[in-house]
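Here come two complexes built around subunit A, the first alongside subunit B, the second alongside subunit C.
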Partner chain A sequence: MSELKFVYVTYIATTPERLWQALTDGAFTRQYWFGTTVESDWSPGSRVTFRSGGEVHDSGEVLDCVPCRRLSYSWQVEFHEVFRREKPSRVTFELEPIGSAEVKLTVTHDEFEPGSKVHAAVSNGWPMILSSLKSLLETGHASTLTGPDKQRGARERAIALAAGTAA
Partner chain B sequence: MSEPKFVPNTVYVTYIASTPEKVWEALTRAEFTRQYFFGHSIEVEPKAGGSFILRAPDGSVHMRGRVVEYDPPRRLATTWSVEGMEAFRELPASLVTYDIEPMGGSVKLTMTEAHQWEVPDAILAGGRQGWPFILSSLKSVLETGKPIAVSVKMGPPPEMMAAVKDAVAKKPWARSSTGL
Partner chain C sequence: MDDVFRALADGSRRELLDRLYAHNGQTLNELCARLAESGTSMTRQAVSKHLAILEGANLVATVKRGREKLHYLNPVPIHEIAARWIGKYERHRLSALAELKRGLEAKE
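What follows is the complex of A and B.
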C-alpha cells in the first residue's frame, strides 16, 4: 500500500519575501485561510498555533525553517474528535524563485496515519486555500470562498469528508 | 473487443475568481491559450467527435486528438496524442477533461488526465510538472490579465524521455488490452 501524501504546486507572480510573509504572518493568513491566524516565532521546536474566532483549532511544532525558502511544521488537527485522535501529520512549504517576480510554491502534506481522515479533508482544503493565497498576492483580494465568514462551512465540509471516508 | 478504459492518473484543482463562461473561453480559444499554455494555440471543433489540435508557437501540430465531450460551459473532454515529438508518437492517446463548476461567485476548475494503460510515474511526471504551471498561469490571466512570465524552459524531464523510449520499445498497452 502506498503512503498517503498530498502534493500541490502553484506558481505565483510575487517575490519569495512576500510569499514568506503571507505564509508566516497571521494578518495575512487570516485573509485567505478561512479566517485562520497562524502564530509562531518560527524557531525549530517552537509551537505553531492556528486560531480562528479566538480558539485554537489546530496546532503543531516547527520542524524546519529557512526564511524565504523552506518551512516545515507538524500538524495536529484539534477542532474535532474525529481528527484529534490521529497522530500529527507534516506540512512542508518550498519556495523557489523562477524569475524576477515569480515563485514556484510546492506544498507537501505527508506522514499521515493509514486511512487518515485528515488526509481526505486537507486534500480538499489545500487547493482552495492556495488558490486564494495566489489571488491575494496577485490581485490584493483573497477568494471569497475562503474568507473568515466561510470558517464554519470549511469545518463542516472537513467533518463530512471524514465521515465519507469511513464508509 | 471492448473499448479500452481511461483511468485518471493526474488531477489538478484550482479556484478562479471568474465566471464559468470566461473560464470556458480561456480554455477553448487560441488567443487565450497562447498566453498561458507555453504559447500553444488550441483549435477545437465545437462538437463531440470533432477534431482537437494544439499548435506549437511555430505553427506545427504538437497534440492532435478528438473531442469526446463538448458541454459549454461545464465540461470539455478531448483525447491527446503527441505528434510534435517523434519519440512520443506511438504512445496511446490520453484523455484530458476540464470540469468547470460555479462555486459561491468563483469557479472550481478540475483538470483530469487519464490513460488507457499503466503509465509509469516517470512519464506521468511530464504532465505533473506542466499542468500546475499551465493552470496557475490561466488563473493569473483571468484574474489579472497577465500570465505567469517564466524565464525557465519547461521541457519534458530527462527521465521522462528515457521512460517513453522504453515504453515504445516494450508496448505494455498491447499486453494490457488482452484483459490483464
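What follows is the complex of A and C.
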C-alpha cells in the first residue's frame, strides 16, 4: 500500500492505431509533450530517448511492446542530477478500445525508489501531457500549456517539487 | 465534463479525493479506517457510493490487486477542464496567485 505509484486514465475519441502512433512517433510527441521527441525502434531491450532541442533529457529501455495494445519502458530522468542519481522507474501505457469510437488509455508509472524525487516531480506533468494528447487527437491541436516554450517552466517546477519547495 | 462537475460538487467526494492525494492507491477498507481515525463520519456504504461516482467521472482510477481494489486519484479530467479555459492565460501567473493565496491564508 505504501508502494509509490501513479495511475492516470483518459478516454480519447480515436482509434488504437492513431493513439499508438501518437505515443511512439516523435513527430507526434513533440506536439503535446513539451516539444519532446521520443525515439526508439520499440523492440524489447532497445533504447528509448526523449530529446528536445537535440539534447537527451530522459532515456529508458523498452520492456514490453504489443503494438496498439501495450507499451512499457523504463524511464530515467536525466535533465537534473537530483533525478539522475535514482534507478529508473517504469512507465506502462495500456490501450483498450471502448466501442468503435473511443480508446481508454491507462498510464501507470511505478517502480520508484523509496522516497523518490522523481515520484514527487512527475505527478504534475502527466495529467497535462495526457490532456494535451487527447486534445491533439480529437481536435488536431495540442494544448498550448504543453508547448515547447513551456518545457523550461515545467522542468523548473519538477525540480522545485522534488526539492519540496513548491506546494 | 458534466460528470466531473457533478462529482466535484459534493464535499464528501472532495474529501475522498484529498485522502487519495495524501495516500494514493488505498483500498475501501483503508480509506474507511483513515476517515474513522481522523473523526470524519462517513459510513462504509457512503464511501463506497461516493467512490463509484468518482470512478464514473474518471476522477478515480482503480486497479485490482488479488481480491482488493486499489483507488488512485486521476487528475487528468481536471486538467482537461483547465486546458479548455485556462490555456490562453499564462499558467505560471495563476500558480503564483494560487501560491500567494495559500501563503496568506496559512498565516491566519
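Here is the rule we use: the second predicted complex is superposed on the first by the 163 of 167 C-alpha atoms of A that agree within 3 Å, B and C clash if a C-alpha of one lies under 4 Å from a C-alpha of the other, contacts with A are read in each partner's own complex, and residues count from 1 in each chain.
Methods note: contacts are C-beta pairs under 8 Å (C-beta built on N, C-alpha and C of every residue); 3 or more make two chains touch, one makes a residue touch a chain.
For clarity, every value in this text was computed on a predicted model and none was experimentally measured.
Following the overlay on subunit A, a clash is recorded for the pair subunit B and subunit C.
When the two complexes are overlaid on their common chain A, residue A:Gly99 makes contact with subunit B while staying clear of subunit C.
Of the two partner chains placed around the shared chain by superposition, neither subunit B nor subunit C is touched by A:Leu161.
In the overlay built on the shared chain, the residue A:Thr144 is in contact with subunit B and with subunit C.
In the superposed model, A:Val77 makes contact with neither subunit B nor subunit C.
Of the two partner chains placed by the overlay, only subunit C lies in contact with A:Phe6; subunit B stays clear of it. In the superposition on chain A, contact of A:Ser135 is made with both subunit B and subunit C. Residue contacts after overlaying the shared chain place A:Ala121 against neither subunit B nor subunit C. The superposed model places subunit C right into subunit B at 114-122; the other stretches listed in 42-50, 114-122 or 150-158 stay free of clashes.
When the two complexes are laid over each other on chain A, subunit A has residues 8-11, 127-128, 131-132, 134-135, 143-145 in contact with both subunit B and subunit C.
Of all residues in subunit A, those touching subunit B in their complex are 8-13, 98-100, 102, 127-128, 131-132, 134-135, 138-139, 141, 143-145.
Across the complex, subunit A is touched by residues 23-27, 30, 58, 61, 63, 70, 72, 74-80, 82-83, 86-88, 91-92, 98-99, 102 of subunit C.
Across the complex, subunit B meets subunit A through its residues 13-17, 103-106, 132-133, 136-137, 139-140, 143-144, 146, 148-152. Only residues 1, 3, 5-11, 106, 108, 126-128, 130-132, 134-135, 143-145, 150, 153, 167 of subunit A touch subunit C when the two sit together in their complex.
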